[in-house]
Every structure is written in structure tokens, then in C-alpha cells.
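The structure appears right after this line, and notes come after that.
We just call them A, B, C and D in the order they show up, numbering each chain from 1.
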């Protein structure tokens, strides 16, 4: 009895002192929803002390929450557990230790793990598992098969990374692919972008993913243009794990990597459209109009003119409004301006074509 | 003909080089509109090289625009023109030189001036003038009268400032007041707050104003909690000079001064309500609920509990969401939490009482 | 054989990916050395997953190193180990796991632990232990005694914290004190300052300490005025653990807490003197001189005039130079300006008296 | 008499209110002096309301001072004065209005002006004039000749800029050059770099210059890697206008442009050497040492290995220390590591070769 009070007292201590950090707020991310879908910011690849990461699992929930993410998966390595002398291996513990914090913060948490083999085949993440332990088996293909038997969504991670055979699509990948045992690829992982993975996602109808693969503590207070983790925007029917899973299997994603948005044209078009707000001109002359063009999102947008009207180049920084002067012979008509969004990639080195519509009076 | 080309060439040069600064975007301010009114961020007191300021007048429009303001008035001193040896005095020039830039930027610009006399009576701003020149007359009361004849909105500036008789309400003020020749007072000016002015506005039904009175270049890129100019939020029927003027005469204002919002309870209540977004609880236990409380505005909000439920203290930083745990015997019922917003002042040293409503399931 | 390669490959992966964070540089702190002593920035109170912290121990070395600290001690609770179901208790492991990283980074690391008991007596840190295990004994006084038998430096932590009897100096403290079994007190811990502890350090000749007591990851990239952990500046004969220990027992410390420096007058005087650089005047008039006064340190300095000459108030932000105009009848003579440094505390609510000397021509 | 008091009162008002901006401190720049020379940070090209700039002249002194510069010249256009209807043209006024502020701030100010003609010949700055007026003459060559008769230092500005014949070295330039009537070229101006000018400076023994050419207010509080104006580092015998002039004629400069230092090998070698501090190793193993390498300057330094030892790549951010592991067979010997500093340009696209010396024990 006395002991119980004692424990409570000290628990309270830890809370008071750590709360001093005052990081306990969430900075909401600004990305538009798509028609019929809610945009969820997700990071489905990260590590903790239960494999080779350096934080206690719930820290991953706190980091993601304060940075405005909607869903994460803690995906410790199954086969690589360098801290096992201090922390006995239990593959389900990272999830079990994090789910309380995640629920309290209203953050979606999927149980996941990283199947970790030398290249080839490389590393694969299995998300939406019910139990990680069965995946701890010697045969790689068997491990992936077991993940699929649990209904997992499986991703080939950082495809272009590591080893003499890195980056190659080999027989083992074909085998998995033909069985529909993996469903997505990391187009970007941390600071790296993989153009082959990008192209294969297009060619083979795999889902494009971007993840942080973070091991150290994430020092970023918020996600903003210029200081965000690599993440996946998922266009889901609602904000739930079920809807997230459905959207991932359906391939409705875009990747936010450095200053770029990478994804299928089908999703980048409405995403771009939702970021931009063009007002009807507030000044007109005989041969020009002045209109406000706002970028309400957290991504900086860079445009190059492909048509005849409008500035040759437009930089629309995140969360700002620009005034644009547009030469025109018909200043009292709506204007359609043709551009390409050079940092919205619909394929490797291929920018999204967009139209800016400036309304008439 | 050749000369004209020459001029154009050099004009273009100036544009290219100065655009290098890349400050040419607007950071929209986040304040809620009020029922029936649009919230306009205004600064109606500032100086240029045409009196004792140090910038060319259109710079004031650029600064205000990039910081998200909606309306300004350039109010150079009429009687104090220390640069007159270099810049011949022309009281209407600051407006005339700024209006082009303001229109292009979609910023409202009112013609104004500061009637500048030793204390007493002190300095008075006249806004919405049609011609500044007639105010340049020796008799102070006559100058104010002429401003009123033009329909101007007149403000007693920085009431607590300067001289042995500073801060006193004297006969001259009564005379103006009885004639309804002045209509507002600066409750805050730059870094200074005037509690007497605050109280008098309440007692005498004068409009509360906050202005920057800026003389030097304003280095701030944007307005944010912790780095904004002192300004007035005006609740206007629409975003026009006419509506702004109507609202000022009607007293529909609040002042954003440092970390405080100062105004009548009538306006602070809906303003506070518009800043807060409380979600229905995302977790419930037998004796508590967890709910998200968001502050969507650009002002940090500090709350102290006055009722029985909810945390004793709540800090809701600008543009963030907090998760709040609330103890309750009826976790399936809506909750009404009584607080005071310690940085929303309805009178000197008097905080606004507020209710946070957490919806039921 | 194959397995070994496999392990190496994956180790390298972890390195490459985590280095992406690019936090791998040290921001040197700017504090002057004192005559005969080197100033060491120290934090001797922090936690890891081995008690109730949330990071792997070497993270504490990385954080401290990048923030410019010279010495730390990882002081996990001995009696409070809430993660013991996942991490079997081994009180020496935090040090053993951190020392490699510390050595590589050239950071001093002292083996330490926190003896953690309900108040009274409260929590005590023992630093410079050779073995933590013997301190894990039921009798509190015995635990402290054993720490002393190892030559440890013992600190009463966060004296004003927690419990109905918090903050009191009771018989048990007298017993320890009379035996010289504890040697310092935390005057500041994280966000809290303890004026009683401050006064007792003066009255009873105990060493003043300031520590972070950090549990969560420390997000700060560097230490700077306005964004630094609470720490102790120790004036040591050289940069070694032996010299650090000697200086702590000798009481040569100052505490950097928020915007304040707290310590004995004996050390604050030369510390202040070392922060300030006053140049000989660069302009002279008949009745004034203009001189540069620089603050080369990382602490903002606030001065109030106590004498007749110089500005009434001086703010000298960290790492900046100010130009000060000083009225004087003898502009060709050196000037001695009397001030108090309002944020250098030599006792509770007692500012350090200082003299600014402006050299003659 | 009363009037005088009145004026004083209002002058004081302006001071109090503008000081609210609290930008009144100087952030010292960190660049090493060179053997025998003091490094002066200079910007010798900028504009005010007296031509096409938008600030009152002393603002240029305030900006430069707070950003840590040592010397400036206000160089308004002689022939291009778009504000002349409001500000009667007086070419010497910018200097005359600024010199008081400059002296008070201990900032060196040279009288200068920009001879502004369509391309060719383009724009030329004349610095260290005694009187600008005589340069206001129709014949361009005559204007440059008159500047030289005053002993001015003359610079061909932004050589690659503007017009169909932009960037060409024509007969008129040869004429000036053969007469030694111009002495330097802007290798960088604002956001632009001119590789031709860079090469010509090397081939024709002209002094390399970098200037801001700022027209708008400069919002930057300080100069730092990533947020500084383009400027010239001048290696002068002392901190005086005479020494500055001697150094410019002698060609002892380097240009800080974006993240690059551009200059002759002769000056970049000691400049680089002065930025770097390599400590003797603090850890040694059989086949490696760990040493600290510090960059004490305000420029980020990027290194690529050209020899056999040391990391392949080294990023040394401004004002930070890095720990570097260096493989070696002789860990007890000093090490000479061969690199090129990829952002120190000794010619267009040509990096400076450097040696990092790690001392022995």
C-alpha cells in the first residue's frame, strides 16, 4: 500500500519534469482534402530501442503528433536487434507500448515490422499486422507470405540502397509481385529518392510510399516546407486505420519528399488544385489584371509557364499569398494560365501540368 | 524617344535588383471573422520620410501587406517635418505616393495625418481625410474641427506619453469630446500600453485603437504571436474603406498588443469563440475524457480555470492543437468548462470569462 | 561467416540512415574562462530508458555535445525503474553504454545515479561513482554513506519539490550535512528555481547546482540565450573529470537558469567581467563620449544604473555589441560606470554590483 | 525659445518610439584576420531615396552596422533620380546625411556614387570621392576621368546585366582600362554571379568586388551563413578609410556571395586557414584517430577529399565543431589531409586546394 503511493508520487514527478519541455502541442499540417477523400499524413517506417533506434516507442507517437501527422507505424527490425543483451527481444512490444500514447493523442497507429534481409531481397515493411512473431522465420518468402496471411500491406523499402546487387528487381521480387505479396515501394526514404522505384510503381501499379525510417530522436517541432520528415499523404475515405489500409491497397498516395510532391497524376492534380486559391482580379487596366494567388498548403510550389499568359516563373511559398500581374487583351474575362508545377512529379523528371484559373469579375 | 527607353531600362534594373530580397509574399493573418462582420487587421499610425520616418511611403504598404494587414493609414506629422530642407513639405504626398502600391497589393489605404502639438493637448490622428493641407493651421482645435468637417475619424494618440502634463484629460479634451470631434484613443502604441486610455474608452464610449507608430523600416517578415506590430482588429461589414470607417465610428475594435487582446467584452467574446475549436472526445474512460482543443488564431491564448472541471491552467499557443484530459463523472455528456482568458482584457487588469464547450458523443 | 557480414551490412545501414538527421555538429558555448580556471558547462542530472527517461543512454551524450556542454552524468533512478519488465535493471549500464560515445565526442562523462526516495528526504544525486550497485540498499542514509565511501559528490536535488513535507530541512538532512555526506544543492532544476536552496547554499557553504533533469529527448540543437537547458558552469583547473570533481567539492560554480546566472559573488564578478568588452570611445564631444560595449557571452545581460553616469538601463544581448553614449564632463578620461547586473544573482533577489570601465584615449 | 523646446520634445518622441524596434545591437561577423591585415566586411554599392532606393540614407548605416559590416558606401545613381519631383537632386546629400550616424556607430563611410549609363558602357561606381557633383556630366568617359582625378576607386558594376550588348568588354572598357581609370569589377551583385567578370579580374589584375546593390530596406537582422548580403571582405592594414582604399587598389579582397567565397588563391588560402581549427586527436586506436575540426567563421565550408586520408566529404557548418574519424597507420603522428574547399573559388568552377593539418600528440 505504501509502496503504491510511493510509485504514484514518482510517476507524477516524471510527468511534471518532462512536461517542462513544453512541446506538448500539435502543429496541424495544411494539405487539402481531395474530393471524396480525407488527406492523412503518414509515416509507416521508424525504429526504436527495440531494434536499432534510440528512443522508447511512445516517443515516436509524440513526435508524429506534434508534427501534425495522422498515422504512423513503428516498424522495428525483426532480424536485427543489436540491443538484445539489454532489451530481450519481443517483436510486439513496440506497438503494445505505444498504443496508449497514440490513442490519447488521437493518432492512428498500425502494428508493423521490418523484415530485414541482406540485399537481395532487401528490407520489406509489413503494416497492419495482428502479430509480429510469426514473421520471425528463417525463410524470407515465408515471412512475407505470413504477413500477407495476416492481411498486411507490404512495402519494399529503400530499393536503391546497399550492397553489390542493390536496386535490382530480381526473381525473388517477381515471385512476391506475382503473388501480390507486396503492394508498395518506397519512392523516398529519409534523404534518398529512388527513381527506379518511382518508375516501377507507375509501370507495375504499386503504391508510392515515402517514409522517414527514423532511428534517432526527431528534433523537429513541426512539419513545414524545408523542415519536415519524408512522409506519405494518403487519400482515405475517413480518418481510420481501416480507411488508411483500403487507400494504401488502392494506391491513393502522394509522397512529400524535401521540396517535392511525388505521385500519380490522378492524385496530384486535385491535390495541387486544392492548394491553390486564385481570386478574381482586384485591379484591372486595359491590358493587364492584378490578382491574388494563394498557396494554402505546407508545400512550397514552383511553377513554370507553358502557355502564353502570366509570369514566366511563379514561386508560391507555403502558406502565403502572391499578387500576380497578368497581361491580357481581355481584362474582363476569366483567364486560364498554363503552367507546369516543377516540384510536383508525376513520373521521374516529369512535372505536373496545371492550369491556374483566374475568375472573371 | 531614346531617353524614354533609357528610363525604362533603368526602371527595370531597379525592379530586378530589389526583387532579389524575395519578400514579395503575403503571410495571411489568422483571426476569425465575427457573426455579420469581417475582421480587418489595421494599423492607422505610421511615418515616412515626409515627416520623421525613414522610409519612402510605399514601403509602408509593402510591409503591411507582407505581414497580412488589411488596411493602413500613413499619418505623417503635419507640424513636425525635420527633413524639410531635403524634402519640401507636401502633406498629401505620402498618400499620393502610396496609393498605387496599395491598390496593386489589394491593401486598403486611408488618407491620414498626425496633428502634432506639445502636451497638452498631445498628438491626434485624423483618418479618412480628403485633403490634409487645411489641417495645417496654428489653432489646434481648429485643425481638429477641420478634420471633422472632412468627415475624419480622429484619435487621441499615445495618451500617457511625454511632458509634465502627460496623460491628463484636460479642458481641451473635454471640448473636443463634447463636440464629438474625436472618436477613439490609442490604448496601445508600439511597445506602450495606456490603462487610463483603456478605462476612458470604456467610460466615455470611445473606440479602442492600437497602432505601431512605426518610424524605422519594419523588419518583420510576418505577423505572429511574439513578433507582430501593435494593431487594431476592426469588425467591419465588408473589406472596404467605407465599412472600415463605419466600424471605427461604431467602436467595433479589438487591439492586438504584445501577447494580449484588448477590447470590449461584446467583441472579445465572439473573437475568442472563433479562435477555439473543441472536438468531441476521442477517448473516454469511466471518469475522464480526452478531447482536442485547437487554437486556430495567431494569438497565443492563456486560460485559468474558474470552474470545477478541466485543467487548472491551459496554454493554447497560436495555430496549435492540444489534447486535454478532463475529469468528469459523466463522460458521455457534453462538458461546459469555465475559464478566464487571462490575456483577453475587457478592462484594465480584467480578464474575459469564457466557457469551453466540449461536445458530447 | 556469412552472418558476420550480414550484421556489418545492417550496422552500416543504421548509420547511414540516422546520419540523415545531420545534427552531427557541436555549437560551442561562449562563456569566458576565469583567471586560473577553465569554464566547463555541465549537466549532472538526466535520465534514460534505464529508469523513467525515454532515450537510449548515448543520446544524452549526443545532445549535450551538440549543445556545447563539456561534461554530463547520466543519473538514472536507482529505486524507480518503471521499464524493468522490458529492460532488466542494471544500474551501471547507462554509463557503460554511453562512455564510448562520450569519448568519441570528447565529452566528459561521470558515472552517476539518483537515490530516489519519497520526500523527506527526497532525491539525491551521487556523481563520480565507481559502481552504482552498492547504493541499491533499503536504508537511505546507508545509500548516501556508500556513495561517499566511493568518493562521490552528492547533491540534494530539486529541494522545493513534491509532497506535504517538501522543501523542509529536516533531521535527516542535518545528519547528512554534519557528516559532510552531501555537498551541493540544486538551486535550479529544469524550469524550477528554489530560493531556499539558494540561500542555504550561501549559509551552509554548499555548492550551487543547476541541472536539466531531462527525461524526454532534448529537441534543442544548441544552447543559446532563450533556448538552453538549465546547467552548471564549473570553474575547473583543467578540462578533466578530476578537475571537475575538485571544483565541485570546492564550490566553484554558477548556474545558468533561464535568463539568469546564479552564483557566489566571488565567481560572478570575474564571470561578468569576462563577458564584457568595453572599447575606448570612438567619438568624443565636449560633454559626451560614444563607446562600444560588447557582450561576448551566450547570456543576455541586463544592467541598471546605480551611479551617476551612463544610460539608466542597458540591455546587452548575447553575442552583440552596443554603442553607448555616456554624458561626461571629462570626455578624455577613463570612465567608471556603476551598475547592477539584474540577471546575475549573488543571493535570492540580490543583483550583482558591477563596474563598467570605459578606457581613456 | 518656446519653439525650441517644442522641437526638442518631438525629436525625443521620435527617438523613443523608434527605439521600440529594439534592433539597436550589432552582430559581429566572424571572419579571421590575415597575417598583417585586418579583415573588413564591406558593401560599397547601395541606394536610398536620393535615387531609386526606398530608405533615408542613415538607414543604410544602421543596417550595415547591425549586420556586422565595417565599411559601406552609399552610391546613389547620378543620372537616374526618379524621386526628383519630391526630393530635389543633390548628389552629395546621401553621404552628408549618413556620416553622423556612421561615426556614432563606428562604421566607415566612403563618399560614393554610381555613374549610370545604358549598356554599354553600363554602370560604374566611384568610391572615395570628395565631391560627387563634378561627375554629373554628359560624357561618360569624362565622368570616370573626373572620378579618377579625385582619387576615386572605380568599379564596373554587375557586368553581365541588362541590354542586348550586356556583358561585353568593348572599346570603351579598354579605354578606361588602359588609362587605369577603373580598378575593380563586381564578380557578384545581389543574387547574381558573373563568371566573365570573375575571369577578367584574374586575367587583367582587377580587384574582385561583391556588393548588395540594395534598394529596399534590408530586413536581415544579422549576417550569417544562409542569410547575408553579398559583400566584399577586404584585407586592410588597419580599420580606416585610408587602409581600405589602399587594400582595394592593391586587390586584397574576397567576395562572400551566397554560400561561396570567391577570390584570389593568395587571399583565400590564409582566409581558409584562419577559419579552421583542428585539434590534436582526443582518441586514438591502432588504425584511426578522432579529432575535432572547428569552423570558427560565419561561412559554411564544404570539403571533398583529394588525398588518401580522411572522410571523403566534410561539411563544416559555420561556427560549429565536428568530430572526424581518420583512418591511419600511424595514429601517433601528425596528419596532413588533402582536400578541396568546393565553395572557395579561386577561379570560375575552380575550388581551392587545402590541407587540413591534425597535430600529433
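Definition applied: a contact is a pair of C-beta atoms (placed from the backbone, for glycine too) under 8 Å apart; a residue touches a chain by one contact, two chains touch by 3 or more.
Just so it is clear, the structure is predicted and the values come from calculations on it, not from any experiment.
Asker: Going by the contact rule set out at the top, which chains touch both subunit A and subunit C?
Answerer: Common contact partners of subunit A and subunit C, which must touch each of the two, are absent.
Asker: Based on CA centres, what chain would you say lies at the far end from subunit D?
Answerer: So the chain farthest away from subunit D turns out to be A.
Asker: Hey, how far is the Cα centre of subunit A from the one of subunit B, in Å?
Answerer: Each chain reduced to its C-alpha mean, subunit A and subunit B end up 39 Å apart.
Asker: Which whole number of Å gives the spacing of the CA centres of subunit B and subunit C?
Answerer: Subunit B and subunit C have C-alpha centres separated by 42 Å.
Asker: Check each residue of subunit A and list the ones that touch at least two other chains.
Answerer: There are none in subunit A.
Asker: Would you mind giving me the full set of chain pairs in touch?
Answerer: A-B, A-C, B-D, C-D
Asker: Taking the complex as given, what residues does subunit D use to touch subunit B?
Answerer: It comes out as residues 5-7, 9-14, 16-18, 20-21, 23, 49, 52-56, 58-59, 62, 77, 80, 82-83, 86-88, 90, 93, 97, 116, 118, 161-163, 189-191, 213-221.
Asker: For the complex, which residues does subunit B have touching subunit A?
Answerer: Per the touch definition, subunit B meets subunit A at residues 24-28, 103-106, 282-283, 290, 292, 294, 316-317, 319-323, 325.
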